[in-house]
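Note that chain A is present in both complexes that follow, paired respectively with chain B and with chain C.
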Partner chain A sequence: MSARSDALAEKRELAGEGVGAGWFRLQHKAAPYLFVAPFLILFLCFGLWPILKSLILAVYATNGPKSAVFVGLANFRFLMADPDFHTAVRNTLVFTCWSIFFQLPCALGLALLLCARWVRARELFRLAFFSPNLLGQVFVGVLFSVLFVPQYGLLNHLLHALFGIALDTKWLSNPALVMPALVLTSLWMYVGFNMIYFLAALQAVDRDLYEAATVDGANGWHQFFAVTLPSIKPVAVFVLITSTLGSFQLFELPYIMLRNTAGPDNSGLTVVMYLYNTGFITGDLGYASAVGWTLALGMLVVSLVQLKLTRAMKGVGD
Partner chain B sequence: MRPNALQLAGRGVVYLALALATAAAITPVLWLVAATTKGPDDLFHYTFFAPRLTADSYRRLFTTFPFLRCLMNSLFITGTTVIVQLFFSSLAGFALAKYEFRGKKQVMLLMLATMMIPGQVVMAPLYELIYRIGLVDSYLGLIIPGAVSVFGIFLFRQSILQVPDELLHAARIDGCSEFRIYWDIVMPVSKPMIGAFCLIGFMGSWNNFLWPQIILHHQERFTLPIGLNRLVDLYQQQYGMLMAGTLLSVLPVVILFLALQREFVAGLTAGAVKG
Partner chain C sequence: MRSFPFGSAALAILGLALASGLWLAGHPIPSKKATLTLWTFADTHYNFYKEAAPEFERKHPGTTVELQLVSGQAVTSRLQAAFWADLDVPDLVEVEISSAGSFFRGPLKDVGFLDLTDRIHRRDPVTGKALWDSMVHTRFSPYTSRGRIFGLPHDVHPVQLAYRRDIFEKEGVDVAKIHTWDDFIKVGRRLTIPNKRYMIELGDGDGTNLEMCLFQRGGGYFDAQGKVIFDNEVGLQTMLWYVPLVAGPKKIGNTLGGGQILTRAVEDGYLLCLVAPDWRTKSFEKDIPRVGGKMALMPLPAVTPGGPRTSTWGGTMLAITKHCKHPDLAWEFAKHLYLDKEGLAERFRGTNILPAYRDAWKQPAFNEPRPYWSGQRLGSLYAALAPQVPVQYTSPLVVTAKGKLSEALVACVQQYNTHGAEGFEPFARARLKLAADQVRKMIARNPY
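== the complex of A and B ==
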């Protein structure tokens, strides 16, 4: 393509089409570099450099941005021994499990309900399910902290009417109930978002496959496991991994709902909250980098394991 | 083929489930809207709307707290960030999609590699950098790091790849400069992607909490998430005012979404289903 344009510019030059011909060729040659340059400069300074720098910082103990002392792997050793970090990891993993084994099946279920051909007003339902995702975690956190208010809150009244739970159930100050409250809130926020992906995948499944399965005498369950699941697998794996990575980075929701604390008995402490509290509240940027890289490593390992497991499961569907 | 009685009953159950799920999705928002119209005595007395409507919560929100200032800060910071993101990412995405040049492969590989690394890893060194260049507690300290969107580059590269080369050649024969080609041909053709990108970028910047929380110190520079968090801290029990602040904070995103909805859903799922 560029060769053709160069030849074109040359032809113009030979034909003596004015003084602009040389400029025309030059701007064509320089264009891609000039187009990439503004982004690349920003990226190198504010994207790549901090990543490299964080590798160095991770082996330093710092007191704000001004002083740094080399400590080797002491940051990581301290991290591994810190009971608060263990709590943070445990809470984050529990939350992630709820996302994977509770929220994603709900999202798939909603998508299955919506994907039948005869469903009317599908767009409207889809919009309704998706809409909570427009609200940022901070705003959802504030809203739900009020919905969860004991005695008066909407949720307690609803659950009291439906299941007879006590009206003064203290969701956000009872350590045992903090996690359920977070799971419910994030279910409300994200189930529609994940449903959109499942729905798009379901609608792309080849209809002939279902017909063939029906001819073969497969019932609904058989069809689901033999046709639907294998067909939507690439999207399902994508949703699984992105929602796992998202869950690993949980921070704003508990931080806001628990009024900028880790909750009673650290029941709402997550890894990113731990990073923020230890790194930025106390000003140890080196420690924050060490926690960040530990989190990144954890995310990488878990995604790889998920990819491996889902690849291994291929045989079940086929 | 007309559905039989059993199928009809099945459809009824599906619609019932869909209706329940819809109710669950919109009830909290409905409650939020209603809560902003009630006085403190009516707030929990009536489940949703009370017979007496009042704008008192809004009045207190604007008079007791610099809420308007936070709103303006958020609009300015988010608007600037999205425009810079859009311009830089689409320009670079265009170059990566339609030109061959030295270092192209390396640049793309580098960007792809950094995409895997979560943002929290770079928080500390980024803070150090922003501190060194004196941008702590400033708008620029939010806008400049926020303008780097590797995700946006790949989004644009992917969509611009589908622009036919003939279109670009024709423009070159007519003597269009490369920048004119980008501005007058590539950008208009990419309109759906621009819509999706603007919404994603807007939501990301608008809802951003951790980074502004780290670098902003003075109330007059607070964005909405930071301001609202402070508001909750100051007026824990004044639910009406808190809810008014929450509603006004989410309203701009909702308006933008309704305007760009079609493009957004298409852009969101395009990559996933094809990939």
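== the complex of A and C ==
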């Protein structure tokens, strides 16, 4: 398109259409900025400005944005010694670890299964595994809070029948069981979503590599580690990073499942929930901004470490 | 079109964007025509106000009232955000008791509600009576900050126990002989069958019921000056008494959750007694209709013989925001909703909520027998207990304090479940202090 219009402009200039050609050149130069302008304006107003504002707020003790007292780094110092923040970080990290070390292998396993030629009705299974993701976190939260109900809940009845677990097991009011309940719910919701990425990557692996490996005498495990994993590495790294960042931002699921609370003994308190509570329930926007910036820095560091560890920067670039 | 360098598709998009922008600019969102806007979070309140509003509009020609039902959690966050941004602030708003304190943060001049103190204490030139004289005084304290009243109390919310009368009769329990918690626990130990039937619905995962017991004993989260007190001797004794009711082998209390689960638990006789503030009795009538006529109410057992036979759970205030352009009219509307005796009688029939306006309690509606409650006169029972309703003070950090008490409870329950009574008292004392100290630290950060 650009080459065509350039040629057109050149032709008109040669034809001596002076004013017309000038106007055309102006349009040509301005049009890209015009198209980018709506996004840019919205981003500046609702993206960059709030980010900068939150950075300023983080060094103030606030009562809403109107009355603020400069406190320097006091918010960050308080944060470092705040046991609730520590709990929130610990819970978030535990959830993130489960997401990475349990959910992603499950997603990859499912993708490998659904790639196998002997599995029938693969499309149906793909849809079935992916469909929970079409529901919102709020809906899933409500659904699972009913499943986890003590005495009358479906899950307890199933576990009671299979393993003799007490019917009145309180998944959402026993601090030791809250995190497993959240992990299970999140697994149901997101395993299919991550599976789709892995599935796409697996389908793109060159079949010739497997044939060559078979000729060389490689068994299934060898093929998986020597062919499959290296081939899907860029996608795996992408899924790993997005899952980690998504887990760091966990909010709706525990908020709904634990009925707008952080659960017993703060067992479902996540960093984002803590940010919300301090900002919008307690009204301390300055402290909430400090929490937000600490979370953002944490996410940046973790992402960089992940990229470094997986040597993906080079891999993806390649 | 030909001269546009990026092709017809891009030009069409640009044209559409410009056209829609111009259309939006030419059709601004119509400004609200209502003179007064009120937010409420309870559908029972909303339904009653919807019926009461037209009469107010008739009495005040030219006035229009707009009612909005907003979810309880959203009232706090939306209203807070609206105050900060000066946008979409209602003229009047009902705020739940546990969130009210969070609006009193910062200097008094920055509180977003009108100070109603003078209006409440102002004496009527004809009767010589102030509104203060006709209300239950203890209900103002949760809506008071630094001596100034920012909300009109909607209710009193005394607490009784709702029980399965049919099962009690079958088991030979005479509730008239239950005077104290000791009497109640004795019966509870006999009737409780672990994992099958529990004497009372009491939670071990959050402090809602513990809080009610704390109030009954004269304790609370904060004192009148806003100092944290839930780790004092009253708080400790309440915790030491409460935990064995919900933990360990001799527990008589349990909870499964709300909604349909509670319905099943009561219908099945899994829970025999329920903590019943007045508002909850209406929920039981609606949600558990099958036990109608089999339920009855008894006063809360006293802590010591002759002690208060009630406590309190929940509450609502009506506040006028500083953004209100017609504060006097808003005050009239508040009085119309909260102080009209006939209206309050109707409200009681619809919600079972005892108003904080004592003069209304003489209305016949408060003395009507209720078939669901085995013919008991609900209003009279609650009204008789209302003067004993304990006081509760608030703070901007009341939500945090509630969370911390819940954390202490959960820790104590775990300790009691694993170690029993041995070493429980020092553990509970230390855990309560830790929780209270965290709130104190947060209060100390406040630079205002």
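Heads up, the rule we're going with is that the second predicted complex is superposed on the first by the 280 of 318 C-alpha atoms of A that agree within 3 Å, B and C clash if a C-alpha of one lies under 4 Å from a C-alpha of the other, contacts with A are read in each partner's own complex, and residues count from 1 in each chain.
Following the convention adopted for this analysis, a residue touches a chain if its C-beta (ideal position, glycine included) is under 8 Å from a C-beta of that chain, and two chains touch if they have at least 3 such contacts.
Treat the numbers as computed from the prediction; the structure is a model and nothing was measured.
Visitor: Looking at the superposed three-chain arrangement on chain A, would you call chain B and chain C a clash or a fit?
Guide: With chain A aligned, chain B runs into chain C, so clash.
Visitor: Once the shared chain is lined up, is A:67 touching chain B (first), chain C (second), both, or neither of them?
Guide: In the superposed model, A:67 contacts chain C only, not chain B.
Visitor: Using the touch definition from the top, say if A:175 reaches chain B (first), chain C (second), both or neither.
Guide: second
Visitor: For A:166 in the superposed arrangement: first (chain B), second (chain C), both or neither?
Guide: Once the two structures are laid over each other on A, A:166 reaches chain C alone.
Visitor: Is A:221 touching the first partner chain B, the second partner chain C, both, or neither of them?
Guide: Neither partner.
Visitor: Taking the superposition as given, does A:266 touch the first partner, chain B, the second, chain C, both, or neither?
Guide: second
Visitor: Between chain B and chain C, which makes contact with more of the residues in chain A?
Guide: B
Visitor: Taking the superposition on A as described, I'd like to know which of chain B and chain C A:78 touches: first, second, both or neither.
Guide: Second partner only, chain C.
Visitor: Who does A:137 touch here: chain B (first), chain C (second), both, or neither?
Guide: first
Visitor: Is A:282 contacted by the first partner chain B, the second partner chain C, both or neither?
Guide: Second partner only.
Visitor: After lining up the shared chain so the two structures overlap, which partner does A:35 touch, if you call chain B first and chain C second: first, second, both or neither?
Guide: Touch partners of A:35: chain B and chain C.
Visitor: Between 44-52, 80-88, 152-160 or 170-178, work out which stretch of chain B sticks into chain C after superposition.
Guide: Once both complexes are placed on chain A, chain B clashes with chain C in 170-178.
Visitor: Determine where on chain A the residues touched by chain B overlap those touched by chain C, and list them.
Guide: After superposing on chain A, chain A residues 1-2, 5, 8, 20, 24, 27-28, 31, 35, 38, 65, 149, 152, 260, 280, 285 contact both chain B and chain C.
Visitor: Going by the contact rule at the top, pick out the chain C residues touching chain A in the complex.
Guide: Residues 3-7, 10, 14, 17, 73, 76-77, 80-81, 83-84, 99, 102-103, 105-107, 110, 195, 203-206, 254-257, 261, 264-265, 270, 396-397, 399-400, 403, 406-407, 410-411, 414, 438, 445-448.
Visitor: List the residues on chain B that touch chain A in their complex, please.
Guide: That would be residues 3, 11, 14-15, 17-18, 21-22, 24-29, 31-32, 35, 43-44, 47, 88-89, 91-92, 94-96, 98-101, 104, 107, 110-111, 114, 116-118, 120-129, 131-132, 144-145, 147-148, 150, 153, 165, 168-169, 172-173, 175, 177-179, 182, 203, 206-207, 209-210, 213-214, 225, 228-229, 232-233, 236, 239, 242-243, 245-246, 249-250, 253-254, 257, 261, 265, 268-269, 272-273, 275 of chain B.
Visitor: Considering only the defined contacts, which chain A positions touch chain C in the complex?
Guide: Those in contact with chain C are residues 1-2, 5, 8-9, 20, 24, 27-28, 31, 34-35, 38, 61, 63-67, 69, 71, 74, 78, 83-84, 149-152, 166-168, 170, 172-175, 260-266, 277, 280-285, 287.
Visitor: Can you list the residues on chain A that touch chain B in the complex?
Guide: Listed in rising order, the residues of chain A that touch chain B are 1-2, 4-5, 8, 20, 24, 27-28, 31-33, 35-36, 38-40, 42-43, 45-51, 53-54, 57, 65, 110, 113-114, 116, 118-119, 125-129, 131-132, 134-139, 142-147, 149, 152-154, 157, 188, 192, 196-197, 200-201, 204, 234-235, 238, 245, 248-249, 251-252, 256, 259-260, 272, 275-276, 279-280, 285-286, 288-289, 291-293, 295-296, 299-300.
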